[in-house]
C-alpha cells in the first residue's frame, strides 16, 4: 500500500495497514524527510520539492514510485489528489488499486452542480441555487434574484476552499474575483455557482460506506458547524440538534444519492440543516474526511480498514441494522494557527509537545518535539478525539485533554479550542456555522493570585534563561551551537 | 534583580534575590521551582498549589499556565530605568510582522492612516489561505515596508504602528 | 479529592477528577517532585522520603495533608494504603470520605481465609486449602495431605505478593521462610495458608460495582493469566476461553459474594478456572485494579468516575442488563524490568519516550522524557490498552502500538510484550498462568540484510556520538555539563 | 574508520569514509541518515526501506530497530587491533553488576565455582521484589565482591565470571 499523503492522515493510513499486517510505503517532499509518517512506514521515497505541485500533487511521480516499490494499491488520504478523478483513473490504468471511489464516481459528484441535480433526482432537497455561472454579470443577476446573502461556491471541488459569503451587491465583484482565484488554485477550474445562504444553519454530514457489490450503509452523522472560513475546527457525533428521526432521514437520503451515483468505498454526504430541522443537500465528499475518527469511536468501526477491505473487493461485513452507535464523540483540530491573531497560520520549530491521554482520549497526530512545521501545507497538526458515554462526559474529557496538552515553539489553535469547550453555545449544543465568527478572539485569563505569581516567576526565569543562552551562544563550539538552536526554538 | 511582568492586563513586580529567594509585589513567596524542560517548562509548587508553566512562544511571550493561555511581557530594571519596557507595550510602537513566509496579496492602508484595533492592515497569502493581519492596537500607521504583490519572509516587519 | 498514590494510577485518578470538574490534590515523596501526577494536580504536597513507609504508606501524614488542603475525600489508588482497613477507618474518623470499600468490608475480605469461608457460604466453589497455618510443621503436614504442588499464600493480603508455588516436600521450608518474610514486608502480617495448585489454570477475575444502597452489578471478566511471579503482565477482556455461560456464572458468583460481604464501591473477585471450565474462588481485591481500563474500554463505563460517584453517595445509574460489552481489549503493562535478563527491575533516567496513539489505543502512563525512574516503587511505567471490534483487531492494533512505542535510557518489558503478541499460545488464546515461565527469554531478531545494515550503521553512529560527547564533556562549562548529562542518560 | 558490529548473532563490518559515505561488508550503501534525537535516535532510509533505530541502553548496547529488540556491540579498528572487543564478548571476562540499588539477600556461589549459563549467582532485593541475577555465560566465578546481607549500589560489580 502506498500512502500518497503526509501529516497525521498519512500516519493514520499507515497505522491501518500495520493493524492489518500490511506493508505501508510513504512518500515525502524535501521538507518532510524527518516526519513521523516517513519513520512509521516500512519504506519511504522522496518525490520532490516542498511545493505541493512538485511532490504530493505530482501524480505521475507518485504512480512511478508505487510501481517501483511494487505496491498493489494507493491510498490518497484527504486533500491533495484524493478527489482528483484523473489521478484515480491513472492509478487504475497503471494496474494498481485506488483506495476510494472510482474516477467515474468522482467525476460525477466532483462537479458540484451535477451532484445537486443527482440529489434532486432521488428526491433529496437541495438548497436554492444555480448551475455554473458564465461570468460575473450573470452571477450578479442570479444573486439578485436569489436574494442576499448568497454563497459563491466553486463547481470544481468542495471542502470549503474558495467559498465566499456575499452580503450585498456592491461586494459581489471583489468576492467573485477572490473566489475565482482560489477555485483555480485549489481545483484548477475557475467555475463558480451560487447558493442561497441559510442563516443560523448547521453543517451536518453523513458518513457512508459502499462496497463493490452495491451495498450502501450509513454510519451516522457529524455536526461540523464550528468552522472558520469553511474550515472545520470542531466536529461531533451525534449532532446535538439531530433527532433520531432526522438522523434516519439524512441516512436514507445519503444512501439514495450514493446508490444513484454507483458509489463505492467511503464517502460523506453533506447537508445544511436550518433552525427548523429542514435539511438541504450540499455536496458529496468522495474521500476519507479529516473528522472520520468521530464516527469511528462512536460506531467502533475502523473506516480506513474498511476502505482497504472494500478496495480489495471484499463485501461490507455487516448490515445497516448491525451498526450500533454508542455514546458521544468530539474532535478538536489542533492547527498551526494563532486564534489570538485572527487565526494566522504559523510555521517553525515545535520545541515541545505533550499530547493528552487516558480514558476516552484518542490522538491522531503528526507532532513530535523538534518537528519543523513547514509553511507549504495545510495547518493541521493533531486531532484530539474525546469519547464519552454521553455528550457531557465527552465534553468533560475534552476539556481535560485540552488542558493537558502542551505545544510550544509555535502558536496553535489550542486557545480557541479551550475557550470553545466552555462556551455556553457549545455546552448547550445550540451553535451554528457562525460560531467562530461570533467568538470574541481574546478573553483575559482570570488567574488567581497564586497562579499569577507562579506565571510571573516562570516568565522571569524564561527571559533569564534565554538571555543567558544567547550570551553563551556567542562562543562557537558545537555545544553552544546546539544550545543556540534549542534557545531559538 | 527586579522585573516588571505583565500577564494579560495584570502587572506584577518580581524580585529575584542572589540567594535564590524571591518576592512578588514585595511579598516573599515560598515556591518550589523545577525546570522540567530547559528554558521551556517549569513546575512551580507555590503555597501548596501546583503550577506548570510552558513558554509557548518567546516573541511575543505567550505562556501556557496550567492549560490556560496568557500573554506576558517581562522588563528588567535596566530597561525600566532606560524608560522603555517590552517592545510595544510602553513605547506605544508596534511592529506588525509576517508570521510566516508568503505573498503579500493586498495592503489595505496607507502610511499616515489612523486605524482602529483589529482593522485589516494587509492580506498575506500563505499555507494555501489568505490571511488578514489586523492592527494589534488602535494607532497611526507610520511605516509600510512592502508593496502588494511582493513575497515576504517570515518575521519581516510589514508595518509599524504608533498608539494614538 | 486527595490522591494518595503515585505514578500512572495517581494520574488516572486526577484525570477522573478533572473530567468531572473536581479539584485534585497530589502527594509526593522526595524523589517524585517532577512526576506527572504532581504537575497534573491542582495542588501537591510533599509527604516525606522516598521509602514507601516514609511517604506513600504514611497514613497519618496523608490524612493531615488532606485536612490542611481542605479535601473532602481520599482515593488510595492500588497498592500502598488501598487495602489497609485501618487507613480506611482513619480517613472516615478524620471526617473525610474514603473512596473504596469501608474498613469493615476490607477487614472481612482482607483476611483471605475468612473470604474463602464467606464464598463457600454463598455456594461459590473454593479451591481446596487450609485456614491460616500455625507453623512450618503444621504447614508441611497440610501440604502433604493436599498433595504437591501447593501454593503458599499470605492470609493478610492479595495481589500476588509473597506467594510461593512449592513443588516438593524438600523445598517447603525455604519457601515458607521466603513467603513469611515477603508477607510481613507487604502486609505487616506473617500468616500464611495453603491452597492446592491447579495445573494449567487460568486466572479470571470479575469486575464488580456496588453502591451504598445495596445494588451490586458485574461488568465483565478479565483474563489475567499472563503473570510472572503472580505479577500480571498482560490482561484481556473478554477472556478468550470464557463462554457466555461461564461469564454469567462468574458474574453471579461475584455478586453473591459482594452482597454477602455488604460490599460498597469497586472491587474484583478473582477465580481460577481449570482446563475443564470448572472455577474456584481465589480472593477479592477490595480496590481499583491496575487492569481496570480493559473493562472500561469494553463496557464504555468509567470505573474511577463511578467510584467517585458511589463514594459521594450516588446510586449506580444503570441496571445489570444495561451494561453492554462491545469488542475486545488487551492491556500490556510496560514495566521497568528487563525481560532479556530474567525481568530484573531497572531504574534510572528515561532519555526518550514515544507512546503509541491512533485508532483503538489508550495510554495510561506516567512516563516522560527526562523522567528519573526511582528504585523504591513498583516497576510499572505505562499501560498500553488496545481495543478492537473483535480480538483479532485488538491484537493487530496492540502489535502495531508496541512496534510504535519507544522508551530509551532504561530497559523495559517491551521485548517480552512484543514477542508475546506473536506467540502462538497467545494468538489462539490457549495460554495459562505458566505462559511467562514457558516463554524462552531471548529470541534472535530475524533482520533482513537492509535492516541489519541500517542497524549496524546506527550502532556505529551511536558509539561515535557518545565517544565525542564524552570527550567534549571534559571541558567544564555549563553547556558541556548539560551535554554530559544528556550523553550519560 | 572501520568498525565491527554484532547484532544478536550476526556480524557486520562498517567502514565510515571521511567523505561521509560508508560501506557495509565492503558494499557501498546508499543511505539517507538523519539524527532525530541527539545520540539516541536515527532515521535511516536505505535503498528505499525506512528504518528508525533507537539506542535503548548504551551499556550493554541495546537497539530498538523498527520496533524490534536487538543486542549490539561495536568495536573500532583500534580496539580490534589491540585484540579486544566490547567488554565481555572477546576477553571472556564478564562482570555481573547490580541493575539497581538493593539488598544482597543471598549469594548462591563461591569463588572458584564453575556455573552454567543462567545459573543463579545472587538474589538482590529491590523494588519490593527478590530478583535472581543469573550467570550471563557459562564460566568460572573468579571474584565475589559482596557478602549476603550487604546493601549495594546500582551498578556495583557483584561478581566476575570468566568463560570456560
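Which chain is which? They are A, B, C and D, in the order written, and residues in each are numbered from 1.
FYI, contacts are C-beta pairs under 8 Å (C-beta built on N, C-alpha and C of every residue); 3 or more make two chains touch, one makes a residue touch a chain.
On a predicted model such as this, the values are computed, not experimentally measured, just so you know.
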{"item": "Between the pairs B-C and A-B, the one where more C-beta pairs touch", "value": "A-B"}
{"item": "Centre-of-Cα separation between subunit D and subunit A, whole angstrom", "value": "47"}
{"item": "Between subunit D and subunit B, distance of the C-alpha-averaged centres to the nearest whole Å", "value": "50"}
{"item": "Distance from subunit B to subunit A - Cα centre to Cα centre, in angstrom", "value": "30"}
{"item": "Residue list for subunit B, restricted to those that touch at least two other chains", "value": "37-38, 49"}
{"item": "Interface hub residues of subunit A, defined as touching at least two other chains", "value": "403-404, 482"}
{"item": "Touching pairs among all chains present in the structure", "value": "A-B, A-C, A-D, B-C, C-D"}
{"item": "Subunit B residues within the subunit C interface of the complex", "value": "32, 34, 36-38, 43, 45, 48-50, 52"}
{"item": "Subunit A - residues contacting subunit D, complex", "value": "26, 33-34, 38-39, 41-45, 68-69, 370, 482"}
{"item": "Of subunit C, residues touching subunit A in the complex", "value": "11-12, 15-16, 18-21, 40, 293, 296, 300-302, 304-305, 324, 326-327, 354-355, 357-365, 368-369, 389, 393, 396-397, 399-400, 403-404, 472, 475, 477-480, 482-483"}
{"item": "Subunit D - residues contacting subunit C, complex", "value": "3, 5, 7-10, 12, 14, 16, 22, 24, 29, 31, 33, 35, 37-42, 44, 46-47, 49, 51, 53-58, 61-72, 74, 76, 99-102, 124, 126-134, 136, 154"}
{"item": "Subunit C - residues contacting subunit D, complex", "value": "161, 178, 182, 185-186, 229, 338, 340-348, 351-352, 375-379, 402-411, 414-415, 418, 444-445, 447-448, 450-466, 469, 486-487"}
